[in-house]
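What follows is a set of structures to go through.
Next, two complexes with chain A in common: one pairs it with chain B, the other with chain C.
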Partner chain A sequence: MGGYFSDLFSGTKSLLDGMWVTLKEFPKRPVTLSYPHESLKMYARYRGHIELIGDEENKPNCVVCGMCERACPSGCIHLAGEKPEGGKKKVLTSYTLDFTTCSLCGSCVESCNFDAIRFSNEYNLASTRKEDFIIDLLKRLEEQDK
Partner chain B sequence: MSLTLLNVVLAVFIAICFVGANAAYLVWCERKGAGFYQRRPGPMENGWWGLLQPPIDGVKLMTKQLLIPGGVDKAIFMVAPVLAMFPALISFVTIPFSDNIVAHPIDVGVLVIFAFAALGGMSLLVAGWGSRNKYSMISSVRAVSQTVAYEIPLLITTITIVMISGSLNLGDIVQQQLDGFLSWNVWPLHKEVGFNLLMPVSFLILFVCSVAETNRAPFDLGEAESELVAGFHTEYSSMGFGLFFMGEYANIVIGSCLITILFLGGWSCPFGDLGIFPFTHNVGWFLLKIYLIIFVFIWIRWTFPRTTIYGLLNLSWKYLIPISLFNLLLTAGLLKVF
Partner chain C sequence: MSQPIELQKDETFVLNVGPQHPATHGVLRVKMTMDGEYIYKAETVLGYIHRMHEKMAENRTYPQYMPNMGRLDYLSAMAFNHGYALVVERACGIEVPERAEYIRVITVELNRISSHLVWLGAYVLDLGGFTPLMYCFDDREQILDLLESVTGSRLTYCYFRFGGLYNDIDDEFITGTRAFIIRMRKELKMYAKLVTGNIILMKRLQGHGIIDKDMCQRYGATGPVARGSGLNYDVRKNEPYSVYPELDFDIPVNDGCDSYARYLVRMEEMEQSLRIIEQALDKLPEGPVNPEKKPKLIKPPSGDYYAAVETARGNFGIRLVSDGGKNAYRLKLRSPTYSNMHLFDEACRGMLLADALAFMGSLDLVIPEMDR
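Right, the complex of A and B next:
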């Protein structure tokens, strides 16, 4: 018989305490986001796939040295450039990233001495098609920062 | 004769509509409630505030294939969902929503409801047995031991009330609680028994038993998803599952109707009959009370984790049954004295 009534009372009290806790949450606003309609802004240090950095006129900083292409252990980067007539520097004509095999290791970003690539904040990447992950970064540069 | 038959058919039809609408929209309330208690918005996508969700779910359930797994006992398997839904419907026929809104006032209304409630427990056993699935079987064994354990305090508490009011007719039980909320059976002070401190406790016992009888969390051991897949309705798809689901919600409504009638004065206005419209004894109060109770059901479900089977049986056999028995004896003594 020992503890019978004290169990009863402490049990009832703890149940009521629990109900009070949930009741206090009931009228509050949701803490969740309706994901496809609204999404969180990603933190600045988030490491998404890489993207090109442009100058003021949104021209890529890249000098087509090819270091990143060589640094990538998975061979995800393919770039090409050409020297325009009369120009001194090479100009980037295409820069594609094959994100399907990228391991986000960062070698490319580290190897670039011209501040031309960085990690993006892109995380909404779900797709059912493989081609969506072969990303044309040059085209992306035209659209980003707008 | 034919008129009474028509009456009953009409009543059952209305009951089906009431139960169907309630089942559908209580699911919505349940999901909204769950959302709010967990700081989520709940269903939002279909219709304003997700209000179109229940009909869409219904259509989805109805268009799915009714799969009958190989090796099941087909007749039993098919009859179980019907057995889950149909007693709840019948029970509605005897429930008085107000002094003139009752399909068929039966003098033994309380007995009818309990008889059919027992049939509901039977459907779980039949479903588990017919499914030929060990998880379903374990689940139905649990559900039945739970039903047995909780039906006893439920009945004893009800008998206490029946003794006080001297009638098994649900309408008569309410008739005695019409003088404002102090005359409700939930209070210790009562003109028949003088002062019985255990009446609020009895109310709590009846409440806990209704939660357990409807197999709701934290007493939903019958369908403990973490251990038994989905319990007795593991093998059911389409409307077979739908009927179990609707039966569960219909039972919730019945349970809250019963609590309201036995302890909270049924359709009576809490301030007594003041003669001005909302403050007369009318069906509005009844609905308000049952939905408040259902809100508490939802609240409990989303607050507490599932108990263990031993905790569940201990609660009933060690606490609820002795206390309700004690109150029965006390009430009997008080009735003799006063």
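Right, the complex of A and C next:
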């Protein structure tokens, strides 16, 4: 019988404790955002999919050495380049990223010695089509605001 | 604990828990042979998310394998990063700068707290209390924000590199972490009041899910599961690595052997992790976070190497056999919940189904790490 009353007493206390904690949260501001009406600004180091870095005229810094392609564990980078006639350096002609298999590990960014790729801040990427994640980075760079 | 008088083997039926079951928090299937409401036998069936992580190590270079470490235990990925970095550093004899070691410890311990917070929220949710989950996720969000600001990712970190780190931490991270420590200490008091002292929780956990010391040793259970049965074993103390020997912290041990003991051990561990982070921040030396001569090509000399770390769930061991090539010859991962899960069958025999699920939650299972 004694156990019954002590249980009843501590049960009531637990209940009141819980209600008090909840009550204290009541006047606080919400910690969530109403996405997609509002969205967060990502940290500078946030790893979105990679993007090419260009010069002032949006010409890519890439010298087509292929280091990033080799470093990638999932083989999601495909690039090609050609030597223009009379030119010395190779010029990038295509750079596609298959974001469906990218693990955002950073190996490609680390392996590039020419400051030609970095992580973007892109994260609003929901889609139901696979093709939307095969990203033509060269086109993306060319379409960027100068 | 309620024990059935005598189990009738010929009157049993099979009940499938999972592979899609809210209490398993992942694709785990447990084939339970039931005698009425009581469990006669429980057989764990793995393989639903087997991804051949060990085999993958054999067909990619050492740095290329690092992202896999974030995908085993998605709740304490940082510790897995540490384990893999450690074994390759041992194999190649790479020295790690002191600052990097301290940052490793800080991030791993932050990750440990966030992992325990998910466990706490999800466990109390399993037992029928919804509100604590919200508070836990709010606190965990602070940690994820901090870690995201240095590592760039929120869960599947790929932050450690052989000999150092992907990048250094900044002052913002340090002030943010200090503010978090103050906040978390207050929150832990709130959890003690809201959850630990709650009579319903105590009645559900105390005296249920008994695993004794001997059983833990036989199955190789580690982490809070073993420490909740009075086994004082923690890799950070027993086989010290990194800068843990220079930090002052205790290993919480509880002799209760029941679900409540494991619960208390994890709650105390969060406090100890806060202590570790605080000291590491105070002692954080200046300097580089990567060795001066960063090894270009990782090719460990042929041999057999082993390293173990303490993750949020226990001992994570990693054995590397190298033949001197660019890829590992064989990589064996020893993950904590795989062993912790295997005592479930023996421990849950004769238990009521509802109690068994409460017991399963107290083991803190992360399925992708068990089934790799």
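Here is the rule we use: the second predicted complex is superposed on the first by the 108 of 146 C-alpha atoms of A that agree within 3 Å, B and C clash if a C-alpha of one lies under 4 Å from a C-alpha of the other, contacts with A are read in each partner's own complex, and residues count from 1 in each chain.
Everything that follows uses one rule, which is that a residue touches a chain if its C-beta (ideal position, glycine included) is under 8 Å from a C-beta of that chain, and two chains touch if they have at least 3 such contacts.
Remember, predicted model here, so these are calculated numbers, not experimental data.
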Query = Which partner, chain B or chain C, is in contact with more residues of chain A?
reply = C
Ask   = Which partner does A:R45 reach: the first (chain B), the second (chain C), both, or neither?
value = second
Task = Check the residue A:G106 against both partner chains and state whether it touches chain B (first), chain C (second), both, or neither.
result = second
Request  = Considering only the touch criterion stated at the top, classify A:G87 as touching first (chain B), second (chain C), both, or neither.
outcome  = neither
Query = Touching A:G18 in the superposition: chain B (first), chain C (second), both, neither?
reply = both
Task = Have a look at where A:S34 lands relative to chain B and chain C in the superposition and call it first, second, both or neither.
result = first
Ask   = Considering each complex separately, which residues of chain A are in contact with chain B in the first and with chain C in the second?
value = 18, 21-22, 31
Query = For the complex, which residues does chain B have touching chain A?
reply = 35-41, 44, 299-300, 302-304, 318-319
Note = As the complex stands, chain A meets chain B at residues 4, 8, 15, 18-19, 21-23, 25-32, 34
Request  = Over in the complex, which chain A residues touch chain C? Could you list them?
outcome  = 7, 10-11, 13-14, 17-18, 21-22, 31, 43, 45-47, 71-73, 103-107, 110, 119
Key: Partner chain A, residues of chain C touching it in the complex   = 60, 63-67, 70-71, 131, 138, 141, 148-153, 156, 158, 166-167, 190, 193-194, 197-200
